[in-house]
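Heads up, there are several structures right after this.
In the two assemblies presented below, subunit A is common to both, partnered first by subunit B and then by subunit C.
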Partner chain A sequence: MTEDPIPAIAAPSAPPGAGLLVLLAAMTPEPLEHVLASLTAAFPAEDMLIAMQNAPPADSYPSLRIVTAPAANPSWTLTAADFVNAYQLAEMNDSSAILMLGPSSSSLDSAALRDLASAVLTTSIDLAVPFYELPPRAGLVNSAILYPLTRALFASPVRFPLAVHLGLSRRMAQSLASSAHRFTASNQAEMPIWPVNEAMMAGFTVDQFEVGPHVQSQQTGLDLKTILPQVTGALFADIDAKAAFWQRFRPSPPTRHAVSKPTLQTPTVDAAAEIASMVYAFRLAYTNLQEVWSLVLPPSSLLALKRLSAIDSAAFRMSDSLWVRIVYDFLLAYRLRTINRGHLLGALIPLYLAWVASHINITASGTDPESHIEAVAAAFEADKTYLVSRWRWPDRFNP
Partner chain B sequence: MKKLASATDPLWYKDAIIYELHVRAFADSNGDGIGDFPGLFSRLDYLQNLGVTCIWLLPFFPSPLRDDGYDIANYVDVNPSYGTLNDFKLFLDAAHQRNMQVMIELVINHTSDQHPWFKAARLAPPGSAARDMYVWSNTDRLYKDADIIFTDTEKSNWTWDDTAKAYYWHRFFSHQPDLNFDHPAVMEEVLKTMRFWLDMGVDALRMDAIAYLVERDGTSCENLPETHLAVKRIRAAIDAEYANRLILAEANESPADVLPYFGKGDECHMAFHFPLMPRIYMALRQEDSLPITDIMAQTPAIPDNCQWGLFLRNHDELTLALVTEDERDYMHIAYSNDPRMRVNGGIRRRLAPLLDNNRRRIELLNSLLLSFPGTPILYYGDEIGMGDNIYLGDRNSVRTPMQWNSDRNAGFSRCDPARLYFPVIMDPVYGYQAINVEAQLSDQSSLLHWTRNMIALRKLFQVFGRGTQHFLKPANRKILAYLRDLERSDGSHETVLCVANLSRFAQPVSLDLADRNGAEPVEMLGYVPFPIITEAPYVLTLAPYSFLWLELQPPRARPESSSSTLPAS
Partner chain C sequence: MQNILATMLQTDPYKTSQPLYAGNNSIWRTMSDALHESIYRVLSLLISILPGILAFLVALALLSLVGLALSALLRRVLAAAKFDDRLAHSRGNSGWALSTSPTALIVRAAFWACVLLGLIIGVSAFDASYATAAALPSSLLPYLARVVGAAFLLIAGNLSARFLARSVLIGAVNMQLQYARFLSLGIKWLVLVLTGAMVLDHLQIGGNVVALAFGILFGGIVLTLALAVGLGSRDLVSRSLESHAEHSSEQSAKSPAVPTTGPDESIHHF
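And now, the complex of A and B:
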C-alpha cells in the first residue's frame, strides 16, 4: 500500500468545542496581523479556533486560540492536502463549520469573513464561496474556462469555482476530504479540488457572497504556461470522473445579472500592444500547432480558426460559439487521451490567448466585461448537448 | 499480510465490465511463445482504455495442461511458463492502481491426476485420510444417473486405477479426479487456498463446475443440498474475513436451478446465465424475439445483492446443453455446418465467425449483452472481431494468441513462429494482418472503437447494471423491446428504452408506452431528443440489425435541441 503523505494530526492543546475552525494559509507577519485582526473583529475569540502552519508563539496573540496545522506545500490555491487537514482538524475539535483562508487572505475584510463563516455556521448553506471583485483583465482563465464549464455542466452559478477562501459546513468538509483523500493517498496532495462540483453532486446548498476586491499574491514561477494546464487539467479530470452525474440533465442556474462595479484601476500597459502580442502568439501557433489542433478540433472549428488567423489584431473577435467548441473538444481529447495530456493543454494556451485578445477588444468597444463573460457562460450552457453527444460517441467524423 | 479490498463499493460487480483472458494467450514478454504475467502487465493500459473494470484470468496454476489449466497440480503457485508468484503480485497491484479488479479461478471440483494429493491418495490405504481426498469405488455402477459431460472423450465418469485397485470418480476428463467434499480435509484445503489468494488482494473467485461438488447415488449428482452447504461455508468464510469480494458461480443449469446458488444472498454473488446465450443466437438467426423473451420469462428474481453474469462467447464451446433436441439441431445447422466446428454437443467458434463477420450483427448482439440485466463479460479478442481455428483440437479453436498488430506472430511474441503455443490466426478474413489491435486503434470506425464507446456509454448509466427489465410486447416479433428502470435513492428514476431489430431488413414497430405519457426519449449515443411519448402507440422504424437506446427523461427535464453545426464566427 502507498503510504498516505498526509500525516495523522496530533490533537492540539487548545480546548475542544470551538464552533468555527479557521484554517489559515502560511503567511508573513504583516498580513497575518491584518487577518487576525479581521477575524477578531468578526467573531468572538472563544468560538473560534485558528489553525495554521508555523503558528506564532502562544503569547503573541493571547486572546486567540491558535494551533499548528500539519505541514502542506505552499500553493497558490487550496489543495487536496488542505481539505484533508481541514476535516481532520474539524473532527478533532468538534467544529461545526470551517473557514478556509488560502493565500492573500489579508485582502478580505472582517465583513467578508463574517459573511462566509456565518453562512455555514448559522444557515443551511453547506458551501459559501466568495464573489471577488477583480480588475477587468484579472482572473480570465476562470472567466473563460473554469466558470463557464462548471456552470454549464454542474448547473452552478458560482462565479469563482476555484476560490481560495471558503466557508464549509461539517458535512461539506467531510465530502471534500473524502474526495481529496484519493489524491493524497496517491501522492497527489497538491491537486486542486473542486468544491462546487462536489457540492452539486452531493445535493448540498451553495451560495456566493460579495467580498470586495481581491488582490492575488505575487508568486514566482507561476505564469500562464503553468497555471492554465494545471487548473484546466484538474478541472477536466474532475469532469471526467463525474461524467455520469453531469450528463444527466440539470436545470440551468438562474442567470446572474452582471452588476456594474466601480471600475478598478486598470494596468497601465499598452492594451493594443498586449492584444497584438497575443494575436501574434495565436497566429504563430496556427502555423506550428495545426497538426495537434487537427487531432482535437473538428473541421468547422479549424476553418473558423483559419479565418480568425487572417484578422488583424484591432478587429480580432472570436465568437463565443467557437470558443465553447474549442474548450469542449479539448475536454473530450483530454478524456480520450488523443495526445499526451501535457501537450494537449499546452496547445490550448494560444487559443486561450486568442480568446483573451478578443475579449479585450470586445470590452474596449463598450461591452461590459462581466456581460461578455455571462454571454460566454450562456453559450457554454446552450451547447452542452454538443459536448454530451461527442462524449458519448467520440467519432472524429463530425462537422 | 492480508490486503484490503481494492473495490470500495460492496456491489462493485454490478457495475463491472468483465474481460476474460488466458495469460497464455494474451502477451508473451520473454519470447518463449507462451503468454505470461509480465506480458499481461504490459497490456493493462489497453484494457483500461477499453473500459474493462475486472479482469478474469483463466487458470494460471502449475498444471500438466491437459485441460488448458483446469487440471491443477498446485493451487498456490503460478505455472512457471506464465511467470512467478511475484510477477502475479506485480500484475495484481498494477491492475488495482488502474481501478481494475481481478478475478481468478477456484477450481475445486477436481484436481489434476498429477496433484500431490492424488498421487498420495492412490498409494494410501482405503479409508485413510489421504485416500479419502478423492471419490473411490470398487464398482463403476455407482452414481450411474450422472451425465457424462465430455461425451466426445469420455465413456464413463469412473476410471480404474491399477495402483489404488479401485475406480475413481471424475465428472470431467479421466485425468481430473473429483475431490471428495464428504471428507472435511478437502474443505479445509479449499479454504486455505482461497485465503492464500484473497490475502494477496485478489478480488473475485470464479468457482468452476460448482454444481458437481458432491455426489449421491440415485441422483444426477448435480445441485445437491450438500453442494449448497459447501458453497455456503466458503461464502461464510469470505464474509467473515474479507470485504467487497466476489464469488461467481459456473453452474451450467437452467435459471431455476441456478437460483439456489445465490441462496438468500449467502452463496454466490454472481452466476452465469448460461441458457440466455444460445437463445440470443437463435433469436438472431430466426429473426424472432421469442427465444429471448421466453428464457427471460423463465428467469426468476434473484436476491438484491446478486447479479447475473452475461456473455456472448467464452473460452469453452457455445454450450447447447440447455436447449431442446430440436433447438440443438437448429443451432448446429445454423451456426456449425462443418462438424469440425462442434465439440461436446456445442459449437467451438468465436463471435465474429458465428455471425459471418457481419459488423451490424456483432454490434447488435453486443448491444444486448451491454443492456440486459447483468454484468457483461467479454472474451478476449472479440472486441476486435478475432476469428477461430477449427483445426485445433478440443476447444482450442477459440484460444489462439491475441492479435496485437500485423508484425510477426501478431505482435503476441517475438519467438520463432513454430514455437508458439498455438499458431496465430492467418486466414485472409480473420488473420492477424487484417484483424489486430493496432490497426483498429488507428481506425476510428473500427469495432474496437465502437466497443470502447459502447462500454463507456454503459458505464454512465447505472440502470444497466442494477435496474429492472420489463419486456414490451410489440406485434412485430422481429423487434425486441424492453425497458430498463432503476429507482435511485432520492426517488428519481433512471429509465432506458431499448429497441433492437433482429431482422436483416428494416422493420417498423409500434410500442405501447402510454404509461410513460409525457416522457421524452433521448437517443443515448448521440444525445438526440426524439418525439415526446403520448398515449398513442409510439412508432419507430429500425434499420436492419440496428438498435436504439433511448433514455426516457421526465417531462420537465428536457435538453435543448442539439445543434450539430458551428455558427459562423
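And now, the complex of A and C:
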C-alpha cells in the first residue's frame, strides 16, 4: 500500500456533490464576467462548482458556487500545479469531471464549453481537447514541433497537444495529478504537463472538439527565445521519460483532411519583411553556430543547411525531411546530453525560424497551410524508424 | 707603457702552477662535498617518502580491486532481483529520465566510492610518511600541492570560459547581433586571462607583475569589447528607433473605429 502522493489542501466551503468542477485561471473582472456568463448559459448552476484564485465576493454572483483555488503562479499554459490542484478539488467536492480553463478562456463561447464538459461528463471520453480555429500564420511552434512530434511518437490525432482548455474525467485527472506531483515535489510546479501523451500511455479515450477562434492573452508577454526552449525542452523530457512506450510500433492515426480551401496568398510587405528577417537570422546563425550544430546534426543535414543558407528569402524552402531530421537529431542530443541542454534548445531557434520562413513561402505559393502541416506530420511518422534506431544504438547508427 | 703591459701579460708556468692547483683542489672538494650532501639529502628524502608512495599505490590498487569485485557482485545481485524493472514499475514506468539504467548507476557509484576511499587512505598514509620526513629540508612537496590546485583552477577556468562563450554566442545570435562571434571570443578571453592570472598567483609566479599585466590585459579587452559593441550597435539602435517611430506613426494613422478586414497576416509563434 503506497501513500497518496497528492498532498491534502484545506477544503473549500462548498457543499459536496457538484458534477462538474470548473477550474478557472486568474483573470481580470471583465473577461471573468464573460466566462461566467458562458458557463451559466452552458450548465445548470447547481451542478457546477467554480474554483479560481482571485474569487470574487460571494454576493457578486449569488447564483453560482465559487470557491477559492490554491495559489499558483500565473502562466500562459496549464502547469503541473494546476493539475494537482484540480484533482485535489475534484476529490474534495466529489466531482465526476473537471473543466480546466486556462488564460484567455473568454474567447470560448458557451457551446464550446458545453462540448468540452459534456464529453467527459456524459460519455466515456477521458480527455476532451479543443480544436482551435487559428489564423494561417498562428500557432506555428505547435504546427512545427509539438503536433507532428506528438502525432508521430504517441499516435495521437490531437492537433493542439498543449491546449490551455481541457475537459478531464476523474481518472484522467488522477493520472495527470500523479505525473504532475513529481514536478511539484521537485520544486518545478511551473512545468507544462502533456495530457495527450499521458492519456495515450494510460490507454484513455481522447477526442478533440472544434471551439472556434482562440485569442492568445497579450498580457503574458510571450517571447520566442524564452518560450520555445521551455516548451520544446518540456516535450523532449516527456518523450525521454516515455521512451519505453513510444518505441513500440503503433498504427498511425487517420490523416486529417484540411478544411480550408487553398488560396494563393502573396505575402504582404510586412510578411515579406518578416520572412527576410527570419532568413537573415538563420544565415547569421549558420555563420556563427556551425560548431554547435556540427555536434548535433549529421553531415548530410549540415550540407543541406549550407545550401539553404545560399537561397534568396523569396525562394526559401526547407524540405520536410530536413526539418524532421533536425528535430529528431536535437531530440537525440537532448537525450544524450551531447551539449548543455540550454545551449541545445537555444541553437534550435534559428532553425525553427528557417522552417517558419519556408512554411510561409510554401503557403503563399498556394498550398493550404493545414495541408502542409499534415505533410510535415506525415514526414515525422515516416522517419520515426530513424529516431528509434538512433535512440537505441546512438553510437552504431549515424548515417 | 708597452714594457709594463708585456711584463703583466708574461706568464711563468712554474711560478703560478702551485697555488692554482691548491685552489682548484679546494674548489673541487667543496663542490664534491656539496654534491654529495645534496644527493644524500634527496636520496634520504626519497627513501623516507618511498614507503608513503608505496602505501598510496597499494591502497589505491587494493581498493580499486575491491571496487571491481563489489561492482560485479552488485551487478549480479541487482540483475537477479530485476531491480530496474521493479523501480520502473514502482515509478509508473515514467520516472527514470537518465540515459543510464539505475543498476549501472549504482554499480558505477559503488566502484568510484571504493576508488575514492582508496585515494583517501593512500593520501593519509602518504601524509603520515611525509610528516616523518618533514625534518628534511625540502620545499618540493608543498609546492606540488599548489601545482595540483593550479591545475584544478586551470581546468575549471577553461570549462567556464567555454560554457560562457557558447552561452553568449547563442544568445547574441538569437538577438541577431552581427558581432556575436566577436563578443563570444571576448568573453572567452576575459575568463581565460582571469584564470591565467589566478593560476600564476596561486603558483606564486611573477608577483606584482602578473597583477599589473592582468589589469592591463583585462582592461584592454573590456575597452575593446565596449568600443566594438558601441560602434557595432550604432546601426542597430538607429534601426530600432526608426522602426519604433514608423510603428508609432502607423498606429496613430489607423482609425480605432475601423476594424481590420481579411485574414490575420501577422506571424504568431504561439
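We adopt the following convention: the second predicted complex is superposed on the first by the 378 of 399 C-alpha atoms of A that agree within 3 Å, B and C clash if a C-alpha of one lies under 4 Å from a C-alpha of the other, contacts with A are read in each partner's own complex, and residues count from 1 in each chain.
One rule holds in what follows: contacts are C-beta pairs under 8 Å (C-beta built on N, C-alpha and C of every residue); 3 or more make two chains touch, one makes a residue touch a chain.
Bear in mind the structure is a predicted one, so any value in this text is a computation, not a measurement.
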Q | subunit A as common anchor, with subunit B and subunit C clashing or fitting | A | clash
Q. Between subunit B (first) and subunit C (second), which does A:325 come into contact with in this model arrangement: first, second, both, or neither?
A. first
Q) Is subunit A touched at more residues by subunit B or by subunit C? A) C
Q: Would you check which partner chain A:393 touches, where first means subunit B only, second means subunit C only, and both and neither mean what they say?
A: first
Q: Report for A:337: first if it touches subunit B alone, second if subunit C alone, otherwise both or neither.
A: both
Q. After lining up the shared chain so the two structures overlap, which partner does A:301 touch, if you call subunit B first and subunit C second: first, second, both or neither?
A. first
Q.
For A:382, using the defined touch cut-off, is the partner it touches subunit B, subunit C, both, or neither? Pick first, second, both or neither.
A. first
Q: Considering only touches as defined above, state whether A:225 meets subunit B (first), subunit C (second), both or neither.
A: second
Q: With the two complexes superposed on chain A, say which partner A:247 touches: subunit B (first), subunit C (second), both, or neither.
A: first
Q | Identified clashing stretch of subunit C versus subunit B [4-12, 40-48, 94-102 or 202-210] | A | 94-102
Q. Can you list the residues of subunit A that meet both subunit B and subunit C?
A. 244, 337
Q. Which of the residues in subunit A come into contact with subunit C in the complex?
A. 76, 134-142, 178-179, 182, 201, 216, 222, 224-225, 227-228, 237, 240-242, 244-245, 265, 267-268, 270-271, 274, 277, 280-281, 284-285, 287-289, 292, 335-337, 339-340, 342-343, 346-347, 349-350, 356, 360
Q.
For the complex, give me every residue of subunit A touching subunit B.
A. 1, 203, 243-244, 247-249, 251, 298, 300-301, 304, 307-308, 317-319, 321-322, 325, 337, 382-386, 388-389, 392-399
(Q) Show me the residue ranges of subunit B that touch subunit A in the complex, using the header's touch definition. (A) 3-4, 49, 444-445, 449, 453, 456-457, 459-462, 490, 494, 524-528, 553, 557-569
Q. In the complex of these two chains, what residues of subunit C are touching subunit A?
A. 88, 92-97, 99, 163, 166-167, 169-176, 178, 180-181, 263-270
